[in-house]
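The structures come next, written out as structure tokens.
Shared between the two complexes below is subunit A, which has subunit B as its partner in the first and subunit C in the second.
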Partner chain A sequence: MSSSKSVLSVRDLKLYYRTRKGVVKALEEISFDLEKEDTLAVVGESGCGKSTLARALVRVLPRNIHTYEGKVILEGRNVMELNEEDFRREIRWRKISIVFQGAMNSFNPVYKVGYQVAEPLIIHDHLEKKEALKRARQLIELMGMPGVFADRYPFELSGGMKQRAAIAMALITNPEIVILDEPTSALDVLTQANIINLLKKIKNEFKLTYIFITHDLGLASELANRVAVIYAGKMVELSSADIFYTQPKHPYSKGLLASVPTLSTDRRPEFITGVPPSLIDPPSGCRFHPRCRFAWEKCSSEEPAMFQVGKDHLVRCWLYGDGK
Partner chain B sequence: MNSEGRLLELEDLRKWFEIRRGFLSSKVSYVKAVDGVTFTLDEGMAVSLVGESGSGKTTLGKTIIRLYEPNGGRIIFQDRDVTHLKANDLKWYRRMTGLVQQDPFGAFASHFTIFRSLEEPLLIHNTVKSKEERAEKVFKALEEVRLTPVEDFAYKYPHMLSGGQLQRVAIARAIILEPRLLVADEPVSMLDASVRIEILTLLRRLQERLRLGVIYITHDLATTRFFSEWALIMYAGHVMEKAFTQEILRNPLHPYTRALLTATPEPNPENRNRFKQVPPGEPPALIDPPKSCRFSPRCPRAFDKCFKEEPPEFEAASGHWVKCWLYERSEGK
Partner chain C sequence: MIPKGFLKFVAKRTVLLLISLVIAVYISILLANFGGLIDEMVKADLLMSITMNVRNNPAYQGLTASERQRIIDSMYQAALEARGLNTPFLVRSLYHLKNALTMDLGTALYLTSDSGSKQVRLIILERLPQTVMLFTTVTVINFFLNLLGGLFIARKYGSKIDRAIAALAPTSVIPGWVYGIFLILIFYTWLHVLPPGGLVDYPPPKDPALYFLSVLKHMILPMLSWIIAGLFLGLYSNRTFFLIFSTEDYVEVARAKGLPPRQVDMGYVMRPTLPSIITGLSLAIIGSWGGAIITETVFDWPGLGRLLAAALSYPDPPVIVGEVAIYAWLLTITVLTLDVIYAFLDPRVKVWGG
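== the complex of A and B ==
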């Protein structure tokens, strides 16, 4: 699966949080490869660990980390070995940047938008403020906003405009990989469609690689050429978008897709019964087995590996294991 | 629709919020959040109010159940004018209506058990006197929303339940006084996709079983289809289009409705290869909205008249109303 063309390879990424109630196993055995100009959609329900994955990749983590290990190979180099200062200087925003969930509400209210977009250039490239502001303004215009918006304060901009500015902020240092963590979740439908159009446009122009974190499978298909499904901290399916949307394999993926109401077909949406498990004390065996219609004894006793079911298609389910 | 079994009638309903510009200034302007809504709902039917944020859909919902007092128009509920009810009459109307809001996590007092939260409306309205009867009602409501075994859930605190479970409790609380009309304001937008369908299916079942009128407020056109008979498309305080839900989805007429349909994402791997044709821009400020059609500044099909005059509602097809000049001629005059 791994190839020399990969811009990013993640191997067995593991992240545990320490809490008063016990250790939360937020992410385990996360492995995937990204080629240049891929868009990997990471989908799953709230609390499944998809935002944790985004944060783990740019190393923006809370203090209560219990375990943080695995390999993150960027251009042939395992960046997990870098110390915090080197990671900040060479990787974060230089190679990988992120548009956080609700980024539009995270602007500093007392600085002008243009300055906040320019700030990474001043910090990382030691650019003169004037030059950085000029670049920020150009980028803001490229995002489909009037350049004068650079001189406005965040409260003077609408949600959609602030989100555009947040995207500009993530692009200003010319990173190769941009993580989009629910970039449109608080926006209206029409504004969302406009932002998605923008993301498609700049992906082509800047030759970007995206990791698109979302709970919305419909929205995911707007950008993704590959899809990773996460359930209770583990990846359960990884495949191309073309295969995933037409022939999903994992019972959880099938359930998720069946729950999306569509306008174009008469299919009645269905739901998955039960609730996701606690990550402090996850179920034995397959973590999905208590909610799975197809589960048998093996599913509760033994944990399935990621089985290869087709070219570039992996599924963590006993239905597809052991030569089945 | 015949007047038999009619639950709710709105006639040119308006809710304007007063704002004063500047300290000590006596100059008053208005935010025209709901501006002239006319609609009829029969018993046991559900209507979707669809619109983006700021379209006035929540204000309309809250005005209908009289959390806001209208500034104009009338609300007729079961042949009774409830537009300006006061005191005890209003309390009666509170019993007849229920509300489920968006955020289930903020909907409950954290120091009340679920039982106590559900008992509260019974205590306030004093409809059942004895403690035993109240307990019976609470358990019945929990059963109604399928939080079983009820004893397991009744004595839990809100933080012990998931979002989906809490939203069920919110529904139980909204129906415990046996109302005739339920307003569900974005009841599932904070929940996960598969839980959404679970909650909407539950609401639908209650609507049918209890013959409840349901007003389902949503920004998600895709969920209206299986969960409401009627749909009203709102934009900037106006109803742009109203018809049977199936009719609106099959044959959308208003350019805004069409834009909404186009913009709604559907799972399809081919989406990544194409751009969506959606109008740019954003909804107008409701303090000083366009005097003409409120969608005209963004409308791809707008012509001269659209910028000059506000269109009335034209009946473009039987039972299918649209507030758009494009359909002026199609009205059989």
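== the complex of A and C ==
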């Protein structure tokens, strides 16, 4: 599964939070590979661990971390072994940058937007402030905004403008991988479409690798060439986008796709019964079994592994397991 | 360079603040004079002393009772007129107001300054430097100690020291002078290393440098008592303040961008909250100018707090009103200055309209 071309390989990434009620198993057994210029869409319901995955990769974690382990191999090196200071210097924004969910609040209210876009250059590349600001202005223009917007304060920009500025900020140091954490969820539909087109354009120009985190399967299909489905903190399906959108294998993936309304057919959107399980005390066996139409005894007693069902297509479901 | 409309904004704020200043000073005049009761007491005092004088004056011994009474009445009326006591209190209160607002603080009824003056202005000015020296210094020290300590502890959220501070915070309900008494017991009574109170050694050193050192030595215990009293709650509240602001999205972005932790703390946690930090500091400093009645008493410190206590117990309205008037003016000027500073610190506050 691991190939020499991969930019990023994640192996058994695990992240637990400590809370008053108990330990939340937010992410478990997350493994995937990314090749250069891939766009991996990470999809799933709210609270399934998508954003936690984004944070785990750049190591911006909340205070109540319980467990944080696994391998994150970036260009042949396991960055999980780096200490905090080395990780900050070598990985953050140099190799991986991120456009956070809700770019509305991604900017410090008291600094000008241009400076905040330029800041990583000053920190990491030790550029003069003036030179860094010039580069920031150019990049802001490339995002389709007037360069003078660099001299504005965040509150003087609209939501869509801030999102463009946040993308410019993510690109300023020319990182390998850009994580997009719900980059359009707070925007209106037209602005969403503009931002997605912009993301496509700069991906080709900058030869970027994206990890695109979203709950919106439609948007994901616009950008992604690969799809990872996360359910209750575990990856349940990983495949190429073409196959995923036409022949999803996991019952959960099927349910997700069936729940999306379409204009071109008469099919009525369906829904998945039940609610996502508690991550403090997840169901035994397959975590999806209480909501699964196809579940049988084995599903509640034994945990399925990721089974290979095709080229680059993995599914965590007993329907495709060896024992069947 | 001055933005359009800025002067209009300042003028508007000034008028509003002056109105509250007038109301505050007038209310304190009514209260300090017990709504005019003090005038009646002064009148009664006056009548009694004139009566005693006339009765005891041998020159008037030969006169009949009614003649003596006439002399007493005319002297009393003259005295009332001389002091303006023949006009009703309501009219007099407006004069008091005008004088207080123009800093014409008049003379005290009973209190005198150490140099023997009855001028309220001199009485207050004599005490002000000691109060500023002790309480403003300790307020500023406390403020920065708690601010930077709070930031440090916020970064160690959930650690042993963090939990210890949270547990100790309620001890700050104990006022500083309680610690003061214990400090005097330890450092004076027991260890004999520091003086129990007062401003300088007796006799005061002639050399200004030695004089200053002696004053410093006398400041250690009162300052220490206030630092201990304010420490845990101060650290705890600053730590909580910074914890709340360090979960802002832009702080996480700054961390993800790879900014060094110090730069995140200073530029992304502290800087956006600077307006509230500066408000806290300015108001604390103004608060310190009132002195502290009990601490000054415990440490025998000649400051404004003890002056106010003395003025209240006589009561001596001109001194009370004088202290309030000075305080009210300082507060008004500070609030106005803060309004202007905010606009420069936080770009979102374009108070004079865009």
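Keep this in mind: the second predicted complex is superposed on the first by the 322 of 324 C-alpha atoms of A that agree within 3 Å, B and C clash if a C-alpha of one lies under 4 Å from a C-alpha of the other, contacts with A are read in each partner's own complex, and residues count from 1 in each chain.
Assume contacts are C-beta pairs under 8 Å (C-beta built on N, C-alpha and C of every residue); 3 or more make two chains touch, one makes a residue touch a chain.
Just so it is clear, the structure is predicted and the values come from calculations on it, not from any experiment.
S.K.: Looking at the combined model built on subunit A, do subunit B and subunit C fit side by side or clash?
M.R.: fit
S.K.: On the A-aligned overlay, A:Leu217 touches which partner chain: subunit B = first, subunit C = second, or both, or neither?
M.R.: After superposition on chain A, A:Leu217 lies in contact with subunit B alone.
S.K.: Considering only the touch criterion stated at the top, classify A:Ile98 as touching first (subunit B), second (subunit C), both, or neither.
M.R.: Second partner only.
S.K.: Is A:Phe155 touching the first partner subunit B, the second partner subunit C, both, or neither of them?
M.R.: second
S.K.: With the two structures laid over each other on chain A, which partner does A:Val189 touch: subunit B (first), subunit C (second), both, or neither?
M.R.: first
S.K.: A:Arg88 in the overlay: touching subunit B, subunit C, both, or neither? Say first, second, both or neither.
M.R.: A:Arg88 contacts subunit C only, not subunit B.
S.K.: Which partner, subunit B or subunit C, is in contact with more residues of subunit A?
M.R.: Per-residue touch count on subunit A favours B.
S.K.: Which partner does A:Ile123 contact after superposing on A: first (subunit B), second (subunit C), both, neither?
M.R.: The answer is second: A:Ile123 touches subunit C but not subunit B.
S.K.: Quick check for you: in the superposed arrangement, does A:Glu45 touch first (subunit B), second (subunit C), both or neither?
M.R.: first
S.K.: Using only CA atoms and the superposition described at the top, report the least gap between subunit B and subunit C in Å.
M.R.: 6
S.K.: Both subunit B and subunit C contact which residues of subunit A?
M.R.: Overlap of subunit B and subunit C footprints on subunit A: empty.
S.K.: Where on subunit B does subunit A make contact in their complex?
M.R.: Counting only subunit B, the residues touching subunit A are 52-53, 162-165, 192-198, 201, 219-223, 225-226, 249, 259-269, 271-272, 275-276, 278-280, 282.
S.K.: Quick check on the complex: what are the subunit A residues that touch subunit B?
M.R.: Checking each residue of subunit A against subunit B gives 39, 45-46, 144, 158, 160, 188-194, 196-197, 200-201, 215-225, 241-242, 244-246, 255-257, 259-264, 268-273, 275.
S.K.: Taking the complex as given, what residues does subunit A use to touch subunit C?
M.R.: 58, 60, 63-64, 88-89, 91-94, 97-98, 100, 102, 104-111, 119-120, 123-124, 153, 155, 169
S.K.: Provide the residue numbers of subunit C that touch subunit A in the complex, in ascending order.
M.R.: 157-158, 248-250, 252-260, 263, 267-268, 271-272, 274, 345-348
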